[in-house]
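Shared between the two complexes below is chain A, which has chain B as its partner in the first and chain C in the second.
Take a look at the complex of A and B:
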């Protein structure tokens, strides 16, 4: 990882007057990655992106791109380009002139500019719209112009600020794939800011989950979902059943955990944590199985509510211990959903591997 | 629709017509009617012995005289030239001011705009008289220059064209700053960030993004300054020299010194044409541009 790192963020802090937006971030982003900064509003992800672009200067720490310290390099001299959330297309210029703008600043020969603008237009399939003004385009077309304008300079890093937030849902899902494919094809390192975990999961090669100006966890989407390192991350990404418990012993890489909400002692993979003491556990709702009450392992409870979502249903079950649990079930069989109904007495079960132990 | 519904929409329709009619009525009373009277007088003949000293003949002799006498075209051209230079000066002073106010912290903008408008609380005439006091032979400016030893013999600005430029730029500055502020304040800062991101240094970003996008404000401000400046009378009369030829002064002289109402009216009509034609052409060009997108 370290050898291939293109972007190196070193102890970066950003304070605005008395507000700390970024509270100490260390991060390395490799060449060719599609990296997502994920977090809620005010978590510092956009400030971090703007520091990469050069619009903000870190209060502390430094930023290196391709081993060059760019901490105090102005935006116009950085080998990065940004796609703005609002797209920030120049309203007084045609699509072609918008795309040519960055190349004109490099004082390239006119013929080369024209050729590269055409290539960029082809890339986003907007050649026919070259002479339109931004206000004559649809939202999706504007997004593609912004993309073309940002990649035409062949930056080392492309920064994307909520690239799909302004699109409607259908278009957003299609564009997620297109954008990820484009990134593969161009081989440009993408750093994307998003508040949408589905978007980050679907597109990114790695995700940094941010909260209150700090990075809480960095990893591949599956890693972050399956092995959250904290309650915050487990809760932020996807649905999660989180309970408090206590490690009471361990053997053969498995922990024995006393967990009252789940009705007593359960076991879970040690995952490096063996120190006896209070912990939290998370079980993802699709890793729980739901049975009509009968004999067997697991906990007994009662279905309080069923949320039907088409492809799957979410069962809200209240256990006999009083704990509330969510279980998702694919509606593979059309009659399946009918088998267990509201107010039914049920039993939930899980494999020990489904339990992830985290610090409390 | 029920009967009462019909009645109420009827009432709204009448109310709306009344609201639309009021400004037209105003224009008719205070613009169209006086304008037609002036137009009629300009076609009349000067008869000094009657009251008023004019006979409506519809001859148009005054217009022939307007072009035959070199004084009038010279006065028009001179007025346009002085107004153009003064407008440019106002733009060069007003643009940075408007830009600075638009970029100031939100809480500062109101007070700063207030400061620009504040001189209006004092009468225009008094402010111009104040400039006479500053610019005269032994005025504040020269006293300062002599007293500080900067310039031994500074000469006098009062009575030159420079004093007129200064006076117009001073008096009309708010008319330039306000429309410029309106467009600059709305300018999306992320456009400038995008320009910087794409490699434009600040000055280049200004020329390629800020300036073209503030063009409507520049045009609006310039028209608001240029049009009254062309016909300006008080400033050239008080600050300019006796030999400064401006059409406002010519009009005054025709009316009050020569009591030649038809000539004064013709001068006014011609001034209107001189000003209206370029504005109309400009507006049509803009409308075509807008339609083209």
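Take a look at the complex of A and C:
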């Protein structure tokens, strides 16, 4: 994170009548970040974004942008622009007029407006479509018009509400990269709301995982994936094998954990948790290795099902203890798929470092 | 696609059209009648068109009706738009139920009852304040009362499928609420305003029952004049007048239909492009 926080969210609570949408959020977002608010529907991420834009006023708490308290500043007076999920293009205006709208509100000279509109059109490669109406454009083109319209005012912060949700998958993946590149080029701080964890992982410099109006964890994508701080985060991001266990001792930074589903005692890095007592552990499916029954350590089990996904396969294994485990394996060799078949007896193994300990 | 339409269906269609349009057509043709009898063809002539243009009573009535319709349409459009906004945009406010009822009442209440009620109001007002004198003002107010309802319904339904995000986007881009309304909301609901205005204009132009209650002895609108002159014996001037009205109304309807069609087509195209 960069030195100075550009956005400071201070104990923000938002209640709609009896419903608490945001239940106390403290967050700092640095200059130049591409920050993602990630969570399921109804987790409060959109409400938080709308409070940053000024469409909602916090019930409690403050929002500062560039050290200015904007909590009660109306949307039209904030140094913030938003790209809407529906794009919200003005249907009665051409692409060029759509982009010029924000600049016209600033009463800039006509020549400057025209020039900046052209720059914005070039930025999104839509110069040829300047005189089209929104309904004459494809979904991807509209998305780019919305983007151009939102960045043309050079806001301090660009808010993006599910920016890619309306695009089909191929286009979405390409646009993810384009957006992230554009953010680098413009140096504008992006705050993006998404329910799509792949999107957040691929684009964001930091992610805040939200649930029930609260932030559960903030961190870089790798941090959130590799070091989830709670079962919720571990479960929400990616595939996860979560088991319950108990810390029974520790030595040299390693914990001894009694974990019945994995057939007894295992060890794991301590990560600051040494207090004996109940905990949960998570092992990511790609960190487990799968072998045909035979020699070696690990837990014995039986392949219940194999989901073939092309590049990789997901093996659903039931251990002798009764626990269900998912293991992903790259299909690196064309002949790999099928070496281990359904109903085969197998052993699973893992390195102690693969085990992440979390509060239960 | 090119399946033949059954003869019976075609006949029914022809009959339906004939039933609706032959009388109007006859009326138009007979406006060029030479004879002084409305039902007897005496040769082609512009005689009655000329007569009408010299008939001051008729022209005064037409002018009065036109003025009232104009004032009514403008005022009703403004008030109806405000009412439509209140209904569409504010799901909760004190007295909303009563307000909804108030707006809907003129749509369902028999006009005779509205006429009596309005007349009683004007009489009471006149006794108390010696205002308003029955005539132009009272007719216009009465017409506005019920026209507002129609405009409100049209505007409300237009606003119901209005994407609020578009207004928010404008505000986000630096437009104050009044600017948002002027540059975004108004242009987008313009078709509804146009059809509401035309609707109010037409309703006022041909209202007879309510008008008869609230018009004073001095003022006579076109429908009142036509109605009374028909009872005294029809002059072919009525045909001429009717021809003019039919033409005006038809043109207005065609314009309104064209406007609505255009927006619907645009919306459909937009919806298709999204998919």
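Methods note: the second predicted complex is superposed on the first by the 357 of 360 C-alpha atoms of A that agree within 3 Å, B and C clash if a C-alpha of one lies under 4 Å from a C-alpha of the other, contacts with A are read in each partner's own complex, and residues count from 1 in each chain.
To be clear about the criterion, contacts are C-beta pairs under 8 Å (C-beta built on N, C-alpha and C of every residue); 3 or more make two chains touch, one makes a residue touch a chain.
Note that the structure is predicted; figures quoted are calculated from it, not measured.
Superposition of the two complexes onto chain A shows a clash between chain B and chain C.
Of the two partner chains placed by superposition, chain B and chain C are both touched by A:86.
With both structures placed on the common chain, the touch criterion links A:16 to neither chain B nor chain C. In the superposition on chain A, contact is made by A:139 with chain C only, not with chain B. By the document's definition of touching, neither partner reaches A:308: not chain B, not chain C.
When both complexes are overlaid on chain A, the residue A:149 reaches chain B and chain C alike. Shared contact residues of chain A, touching chain B in one structure and chain C in the other: 53-55, 74-77, 80-82, 84, 86, 88-92, 101-102, 105-106, 135-136, 149, 153. On the side of chain B, the complex with chain A involves touching residues 188, 190-191, 193-201, 204, 208-209, 212-213, 293. Those residues of chain C that touch chain A in the shared complex are 163, 165-166, 168-176, 179, 183-184, 187-188, 266, 269-270, 273-274.
Within the complex formed with chain B, the chain A residues making contact are 53-55, 74-77, 80-82, 84, 86, 88-92, 101-102, 105-106, 132-133, 135-136, 149, 153.
Within the complex, the chain A residues that touch chain C are 53-55, 74-77, 80-82, 84-86, 88-92, 101-102, 105-106, 134-139, 149, 153, 166.
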